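Across the two complexes that follow, chain A remains constant while its partner is chain B and subsequently chain C.
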Partner chain A sequence: MNGGPAITVEHLNVSFGDSHVVRDLSFTVQEGESYGIVGESGSGKSTVLRVLAGLNRDWSGTVTILGEAQGPRRDKAFHRAVQMVFQDPYGSLHPKKTVDDTLAEPLAIHGIGDREPRIARALKDVGLPMAFRYRYPHQLSGGQRQRVAIARALILEPGILLLDEPTSALDVSIQAEVLNLLQALRSERRLTYILVSHDLAVVGHMCDRLMVMQLGKGVEEMQAATLSARAPVTEYAKELLTASEGFRRS
Partner chain B sequence: MGVWADYLISDAPQSRRQARLGQFWRQWLALKRNPLAVAGLGIVVALLLVAAFAPLIATHDPLAQNLDRRLLPPSSAAWFGTDSLGRDIYSRIVYGARVTLVIVMLVVLSVGPIGLLIGAASGYLGGWVDRALMRITDVFLAFPKLILALAFVAALGPGLENAVIAIAITSWPPYARVARAETLVIRNADYIAAVRLQGASQWRIVLRHIVPMCLPSLIVRTTLDMAGIILTAAGLGFLGLGAQPPIPEWGAMISQGREYIFDQWWVATFPGVAICIVALGFNLLGDGLRDVMDAK
Partner chain C sequence: MSIAPADQPLLEIDNLRVNFNTPTGIVRAVRGLSFTLGRERLGIVGESGSGKSMTGRAILDLIPWPGEVLADRMVYRGQDLLAMPRAERRRLRGRHISMVMQDPKFSLNPVVTVGEQIAEAYRVHHRASRREARERSLAMLEAVKIREPARVYELYAHEVSGGMGQRIMIAMMLIAEPDILIADEPTSALDVTVQLQVLKILDDLVTDRGMGLIFISHDLHLVQSFCDRVIVMYGGKAMETLPAAELADAGAMAKRHPYTLGLLGCLPDLDHRRDKLQTLTRDPAWLA
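Right, the complex of A and B next:
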């Protein structure tokens, strides 16, 4: 941990019409830390991520990222510092663009030169062979697509990576590969992660600290060690932990 | 041949161009499996060739009048007969292909981009932009196409260029609607969120990420619409508001043949058959393209 908060969220509230999706949520993520947000579907965890990314503009509260208070609109410096990997690799790559186009686009937007070596390096970093460079998404498997999505997020060399269930659309054998890749990239580049997942095992494996959310509220914040010791304090977190162990014959 | 096929089908293309050509090649292979679409393509290609080589294919000057030889039935000298001014109908139909093609191309080139841009901007930007653009579209959609085109030609004055303008003005709204509907589906996709997150401007997102997704359905729609455009142009020509004499426009030729339809059937029939075949060709091709381009 390098110290200093990378992301501070205070009293975040998000409503879609009548439904209050996130209620008075506060948390802090240190630079270099990996922070997990877990909860059932509908608990508002992905919404928190979309607010942080600037994709959701209707919210109230205070969001401070790398020392800068963020409004609903973000500037180019923000986009270079914060990137996101989406849940469904089948929906997050433009179907009419080759891997090369997808990776060149962020460089073009930010006017960054020497694209050739950067794209080649981005592919190498996520473990994709150069032969994939000019393929279309429909010529790739789910795991390969997610690697492309990770390469796209990292090509701007951000310090913060928001991960929205990055493995839940992949089959189990590929999940481990992608998680290990994310782990390796984090230690290599000292990235700050916020990982949203419904899977306690994934969060326990990937994160230093985590927050349990229920119906838009932060129920409990704990260290990963607390999770692996199966010693959460609140009832809901215990329930979630039990549920994650799967069906048991009594 | 084998080398080329390998190059095109390679799953590890070496360059942008190879990837794109490969994509086209796959679509062509898919289109080739559909005999009706190939027939449609054949008709369209034939139209292009006839228009390009009209002077070689025609047997007579399409404008040369010969009042001694008026209203002759089809024969070896005049394959489709002659019209009321003794002009060779076959040669006029051949040259008419050029007129038809010019009308279709001009309309498509002006209507496609306008409709696409208005629809995509409207769908993506939403809010008051969407409301304003869609109400304008509604105004145009509220009139029957041919009636509105008639009104425009009446205001602008008869002639081929004005007919094209009138058809273009009246046929963009459905394109805008299609593009908007498509955009509404795409705008919330994760790959659009991803480019937004990269800091892309709204125009960049619309032009480079949304438009390519709307393009296939628009191409299909355009191809299917070509028949309608030809018919509208022919309709305007028939009413004397499109191409002016002596330009050999198919609709105008039918109009001239109307007076003789009972005694000299060939004057109106052959241009009618030409319109029918070309419209059918574009329709078949459009159907085939839809199957190919929506496949993914």
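Right, the complex of A and C next:
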């Protein structure tokens, strides 16, 4: 299943003005692996993902993706191999474009033919009926929109999918459907995932390994099994785990 | 107002309905909900569109046109809310029954300092001088565990963090010392560690002051660990009402409503890793 590292990040630093939001972060994700990044707001977890996707150009350190060292700008081939799904399905789809337009755009950018069969297949892959093809985002539910966003990412057949809180805007029943879809797609296509979430249970369910971040630093890297065994080493990871188990009356 | 005996419920609601009359027909957001609230933490859980927030708003008479609130009985400490004139209902709102909204970013006034907003809430309900209201507000900020209340008093909404904003909102709602607090997803915009601090404040109020708390949430784990009783809502109806502890009790699952089981089943669980999460099948008969 794996053929070496898909993503290597070494000594990544990101600053916005005076605030140093990612501090000397290093990790490696193997090909075919699902890697989680968890942390509270302001921990820098989404910023890491934006650096990897090429959305944030101001950083220092070394980022190697699929064997190639990455600079601040990325070329078309990169975006064909690495795609991202965003948190808010209400904000990430163009309100005046139909599902068909949304899915056709990446194909047009990359000069890929066979529009018809590719769009039809992308819809089928994410479990949306063909009848949805000419609908606008406002005619879809939150879960359906997130499926469209996933279809848009997958239509280029990338090897790496960057997922930024893909289900935190969804109801739990819809979250289950979207997580199942992501799991099935990963095993079918041997995709590599990086999943950013504040929800430890979601990361524990989806990922093989994970990194806990706090205030820009990688606090602890662990196997998902460590999470289930409630056996993190650092104080902060323990605290986060305890807090996620709900309220305790002392 | 006479003090109600301790065992009298704070709120009794029978067959509550919220309808929206739209050009394309009547949308029934709440369809016949009945419950009583004592000095306890009552959770209302459900997915979006289940009518849980509408229930909270209906109690406060905050349903906007074209919505209408109907009920067979709505009684607050022996006083019939349905027969009450609007003005009197308004006096009750904020003073005796209060509500904390989900997002402090959109609920605080951006052009007035947060301290003045809290003081204003006090002066609306009590005859008090500005100075007295200010002192009360500072004490209230301290009660919701805000450090340096005097400094925070002078800040504007955009200068405070999410967790602080939510505590400021709670301070504002509690300064009038209501008997009933309706909290609509009060912690879902917050990080888990801050969330627990806010819950602790609410919890102390129920324990120490004997307040009745209606805690509206979509988070089953949280409701199960925080509340005493839980109403599970779907499509505007209560599917079941149960002691919160039973949500986590594997032995009690046989008695559970299939919708409750479905909701529990689709949550990822660190202790039971599965390849596939259970998905929910909804039965139209539940709404019959």
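Here, the second predicted complex is superposed on the first by the 248 of 250 C-alpha atoms of A that agree within 3 Å, B and C clash if a C-alpha of one lies under 4 Å from a C-alpha of the other, contacts with A are read in each partner's own complex, and residues count from 1 in each chain.
Going forward, a contact is a pair of C-beta atoms (placed from the backbone, for glycine too) under 8 Å apart; a residue touches a chain by one contact, two chains touch by 3 or more.
On a predicted model such as this, the values are computed, not experimentally measured, just so you know.
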Worksheet item: So, on chain A, is it clash or fit between chain B and chain C?
Response: fit
Worksheet item: Could you give the angle made at the Cα centre of chain A by the lines to the Cα centres of chain B and chain C, to the nearest 10°?
Response: 80
Discussion item. In the overlaid three-chain picture, which partner chain does A:Arg135 touch, first (chain B) or second (chain C), both, or neither?
Written reply: first
Worksheet entry | Partner chain in contact with A:Leu55 - chain B first, chain C second, else both or neither | first
Worksheet item: Taking the superposition as given, does A:Val202 touch the first partner, chain B, the second, chain C, both, or neither?
Response: second
Item to complete: Taking the superposition as given, tell me the minimum C-alpha spacing from chain B to chain C, whole angstrom.
Response: 12
Worksheet item: Do chain B and chain C land on any of the same chain A residues, and which?
Response: none
Worksheet item: Which part of chain C faces chain A closely enough to touch in the complex?
Response: 47-48, 162, 191-193, 195-196, 199-200, 203, 218, 220-222, 224-226, 262-263, 266-271, 273-280
Worksheet, complete the sentence: Residue positions on chain A within touch of chain B in the complex are 53-55, 74-76, 78-80, 82-84, 86-88, 91-98, 100-101, 105-106, 109-110, 131-132, 134-136, 138-139, 149, 152, 156
Worksheet item: Given the complex with chain C, which residues does chain A contribute to the contact?
Response: 40-41, 142, 171-173, 175-177, 179-180, 183, 198-202, 204-206, 224, 227-228, 239-240, 243-249
Worksheet item: Which residues, counting only chain B, touch chain A once they are in their complex?
Response: 11-16, 18-19, 23, 189-191, 193-200, 204, 208-209, 212-213, 296
